[in-house]
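Take a look at these structures.
Next come two complexes built around chain A: one with chain B, the other with chain C.
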Partner chain A sequence: MGEAALPRDDSATPPQAAARRRLGLRAGPLYSLPMLTLLAVGFLAPLIAVIGFSFSEPRSFDWLAEPTLENYRTIFDPSNTVYLSFLWSLWFAFLSVLILAVICYPVAYGLAKVFGRWSMVITLLLVFPLFISENVRLYGWVLFFIKAGVLDGTLRALFDAGIGDFLFTPEAIVFGLVYVYVPFMLFPMTLGLSMVPNEVVEAAGDLGASRLQVFREIELPLAIPGIIIGSLLTFVLAVGAIAESKVLGGQSVIVITHDIEIAFTYSQNWPLGAALAVLLMLVIGVLVMTVLRYLDLDRILGRR
Partner chain B sequence: MDERPSILELVGVTKQFGGLTAVDHIDLKVREGEFFTIVGPSGSGKTTLLRMLAGMETPTTGDILLRDRVVNELPANRRPTCMVFQSLALFPHKSVGENIEFPLKMRGVARDKRKARALELLDLLRLPQSYYARNVTQCSGGERQRVALARAFAFDPEILFFDEPLSAIDYKLRKTLEKELKDIHKESGKTFMYITHSLEEAMVMSDRIGVMRAGRLVQVGTPEEIYTQPRDRFVSEFMGEVNVIEVRKGANGHAVGVELPGDFVLPGGAVPFETAHLVVRPESLRFLAGEGEAENHLRGTVYNEYALGSRIQYQVRVGEKVFIVERLRQQAYQGGLDQEVLIGWDAKDSVLVTD
Partner chain C sequence: MSFTRRDFLKTSAAGAAALSAPALLAGPARAAREKEMNILCWEGYNSAEVLDPFRSMHDATVKAESLTNDPTMINRLRAGETDVWDLINVNNPWARKVMYPEGLIKPLDRATFEPYFEKMLPGFEPPYKWAMSEDGSELLGIAQRFGPYSFVVNTDKISKATAEDQGWDLWNDPANAGRYGVLESDDWNVFDIFLIAGINPFVEHSDADFEAFDAAAKKVFKGAKLVGDIATMNQALISGEIDFHLTGGTYSASPARYDGFPEIRGITPLTSAIPGKGGVAWIEITSVVNNPQLSPLASQFLEYVQAPEMAHTVAFAEGTFNPVTQMGQKECFDLFTADQLEAIQWDSLEEDMARSAEYDIVPDYDRALDIMTAAKREASGG
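Coming up: the complex of A and B.
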């Protein structure tokens, strides 16, 4: 408006603007350049490499040669049992999300609505474990759960009855996943719940809704964006997790990430590992997209 | 004069938060079908009081009786009362129809019956039926107001509480909605209990008004009583701009000005006092041609004038004090600014308050 009245004189523009003009960029693209570079090098390049490898000759290391579907054929061969690893991974992830949702909801409710100034302290306590490497924490649990370990030994000494073989079972893997991913479910959920206005909840009660009705009709639908984000985050992380199954699960179950690791290291079959990784990405991608479409996150978020 | 039975009774209702007393020993009876408004500045405890009546807080001491039954501990969802919040608290993820039907759905009313009632209420509140499927976030402020009201009516409460629902709405619409609310009150015959910080708003709508200050109910009366017989200086000043003259007891039932020289005739029925305040409303003051035209008079200079539409307001300096005089446009002051004038009032148009 006022700018139009000013004489147009390029010599008067500040030096930054002049530099920008030379680069031919507006502020937005310019400022996102560092991030775009990082994404190109750290995300896009490996992704292309993995996809490229998945179409190479089995056991070769040349990903620019003639493409072949041999690796995918191997995976989909009826005699191959790798699909079991897929199922285990998805099942563990699904179970973890379910358990985490049930465990985290009351805590998130407390953090968002009840604890007040204690929320900060509790949040800090929940974040502290993240300062220690995940592997170290998992080995800590091994010592805790192992036969004649902390828990078993104590129980035997006190009650003459141990916990038996909990470690190196599928249950131990789920325990590990739930334990490690608590913050990833809890904090988005807390955010979702804190977005529910107190007066709206009060109004629902005032209009005759019982506590359960308030939860079903008001709290849950309004907090759902946070819950979905938390669930997707933990699901994706849990499907891609490997340490829990290796450390706490021993060799009881081989999850898909473990299969991929074996292909890349022990068997030295990069193309097969790459094909498995691509399939895993596809499965997760399709699942996430379906959930997002079904729940229409945009509309829920756009309404406020 | 009004012999309707009381629907709501408060006996010594007190609410303390830690060491703070938000509501302090309130006794009150609200009559069946009445439009009762509680007025007070922010922090006077009026919202806390309303929240106790609605069941969102419990009184520390005292009793709340709804149709002679003590309801202190009865939670909001089991009270036959309903509140319209300042924020309106509409459900943002539900349509207009779903919002209105909410209380019916909670009671398990069948879908088609709910819808029929919702459409009826849309009519009552002068909203087009096509709004039934509309998203509440697409409605304007006034429409949202009506949706909130329709939702409260769907609940069919014995008393409707209002927590300053008009305060966030622009002046012109607010004036319309105030009158509309009064009409709806008349049509529905329900008991309305309203809180606001605007006495003007209270005046327009209410059958009776209670003025609150620092957790206490200072005065309860009809708008007329509150306006013409404010109990103390706070109530009189809360009504808007007033002229307050500090006086002490004088000879033969008159009062003598403390800051101003003068001997003032007091209104009839004034209580005995040593020092007090004489309250004169701006519209009770008039310009005099001679001292004999009014029982009380003061000499001052016209400092400035402000046009208020149908009325004109003048600032008149009397010594160190500024008086506000308000006249209708037809009775406007004819002289120029900074001229010496005589202003005066009759004793019956003033009120003596002792604190």
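Coming up: the complex of A and C.
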């Protein structure tokens, strides 16, 4: 603010620099034109379409023919139980983030500080499953967990005791989310931990800090940006996940994305689906913005 | 180097030309539609086995998109895609009750196509109700695949006779909670939940009917072990996770049966709330879309799939296996092996079809679907 208020004297600037600045001003928007076009067509247009549909007549295909709040009224109607789907999605995402943080921290620590040249191999092994479609991997787990499947069958053959009911339960959904989103938590976390200077840890040790103190007072605060980025990524992805609840969960829980899908397919109620999607975006947006307010992106990207 | 306003305009013009190139290309492509055809269909008609010979025969580009529910396909046409598609393949009521009255499809030439109906299985003789317009004057499509579609059991756990006899009450028996699955096929599940509630799905419903429907829906989803796709249902039946599931029939059970699990069997109950019928069946009607630039290949394709070999290929195209009306011709029937006949439950097909009401439109489907979706949601988490 203060800088902008300072008086400027352009006549004092060399003509070349002034030309460059002018060029910069023009070339900037010009060079960004392809990206802006792509964003406008591929990102903004669908978004506007969805928002517009959310204010269209229920079960109509006419975009904003007669704008109405009916869809939102339906969602907020006390007799409507769609809030349950929102809560399930948020709860699953929260649980997944929590479990992933606990599972990934030691691995991330290893990748950043311990494994040395093996880190690359381990990273590759962790990235490898991403080359296979998520659905295929999830169906693979179904065969693994299903009654008389790989796990149950083996346990029965060896110990005469199966695994009981695990597949098609909410627990199986959380398992699926945790499994699918490991890389999205692990790699930002590794980045965060690799930003903790070894010297600081050593200095703390020299000054008599215990391992727990080093963890709590040095590593965790310094690595927290990476952890938060990982958590945000996994949270947002997990809230929007659908395959895990459908394939591993056997739809034992209807998550919000599934409700949106039903609205767009079997119900043919695009406006209602759009309203649900807008609300989901809002919920996630508010959560992400709240977290980002406490986060310095420049520091995470190592610019400071 | 600097960008002038002139340069900018030049660049923009080039960009605009690039963006409009597809539109320019579309011109000649449209004119040349005798070499292209687009089909909107259930899986099977989009398979290479069916399409490749037709493509090479006509040196044509044939595109097919497969979807797994009728309302979505119809709505694609309603949303303005009548100028994209040449053929649409959906279940029986849509052509005469919805698509033709709404001007989405065109009638076929009766003189060309009715002789094909004469060679079909008994029951499909012309004029075949579902292929005709409501006033009976126009032929709106051609029938090929069909099948009874009520529910599926593992006959090692529940015998065919018991299942047929108990029928929809299998879901009303509290002891069966946790023993069954529900196929993700929401439009059909609406029919079945009405039937479980003891109500005919294909009539106007009262508030009391909807209360009963709601209670039945809650019960069904609360007791369901899982809800999923066909592969998941068959896998769960074979592994013993579940003993039966709705909705299902030859269409969903045939892949498992053909794979060597004949105990997985589609069942048509002896009785139900539909007068004189126990279950529901579907018959696909493939129609010509009311496309302003209709490909001449569309009606040729309809004739092409009538040939005995091609009808057999359609019956056993990838995905699911189904009886076809052309089995009424000996040349077609003889192409089916004993295993294939076993897979499509040929032994009981005639009686199952006779006991099934034909798929129809539920007048208050939207309300029923909303209630069912809410019931599914409330059953979340067991």
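Keep this in mind: the second predicted complex is superposed on the first by the 263 of 304 C-alpha atoms of A that agree within 3 Å, B and C clash if a C-alpha of one lies under 4 Å from a C-alpha of the other, contacts with A are read in each partner's own complex, and residues count from 1 in each chain.
The rule is short, and it goes like this: a residue touches a chain if its C-beta (ideal position, glycine included) is under 8 Å from a C-beta of that chain, and two chains touch if they have at least 3 such contacts.
What you see is a predicted model; the values in this text were computed from it and never measured.
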Looking at chain A, does chain B or chain C touch a larger number of its residues?
-> C
So, does A:S210 touch the first partner chain B, the second partner chain C, both, or neither?
-> first
Where does A:P221 make contact in the superposed view: on chain B (first), on chain C (second), on both, or on neither?
-> first
If you stack the two complexes on chain A, which partner ends up touching A:R26: first (chain B), second (chain C), both, or neither?
-> second
Given the touch rule stated above, what does A:R117 touch, chain B (first), chain C (second), both, or neither?
-> neither
After lining up the shared chain so the two structures overlap, which partner does A:I146 touch, if you call chain B first and chain C second: first, second, both or neither?
-> second
Who does A:P197 touch here: chain B (first), chain C (second), both, or neither?
-> first
For chain B, which residues are in contact with chain A within the complex?
-> 54-56, 75-79, 81-83, 85, 87, 89-93, 102-103, 105-107, 135, 137, 151-152, 155
Sites on chain A touched by chain B in the complex | 197, 199-200, 202-210, 213, 217-218, 221-222, 300, 303-304
What residues of chain A sit close enough to touch chain C in their complex?
-> 19, 23, 26-27, 30, 33, 37, 59, 61, 80-82, 84-85, 88, 139, 142-143, 146-149, 167-170, 246-247, 250-254, 259, 262, 265-269
How about chain C: which of its residues touch chain A in the complex?
-> 2-3, 8, 11, 15, 69, 71-72, 75, 78-79, 181, 184, 186-187, 225-228, 231-232, 235-236, 239-241, 366, 369-370, 373-374, 376-378, 380-382
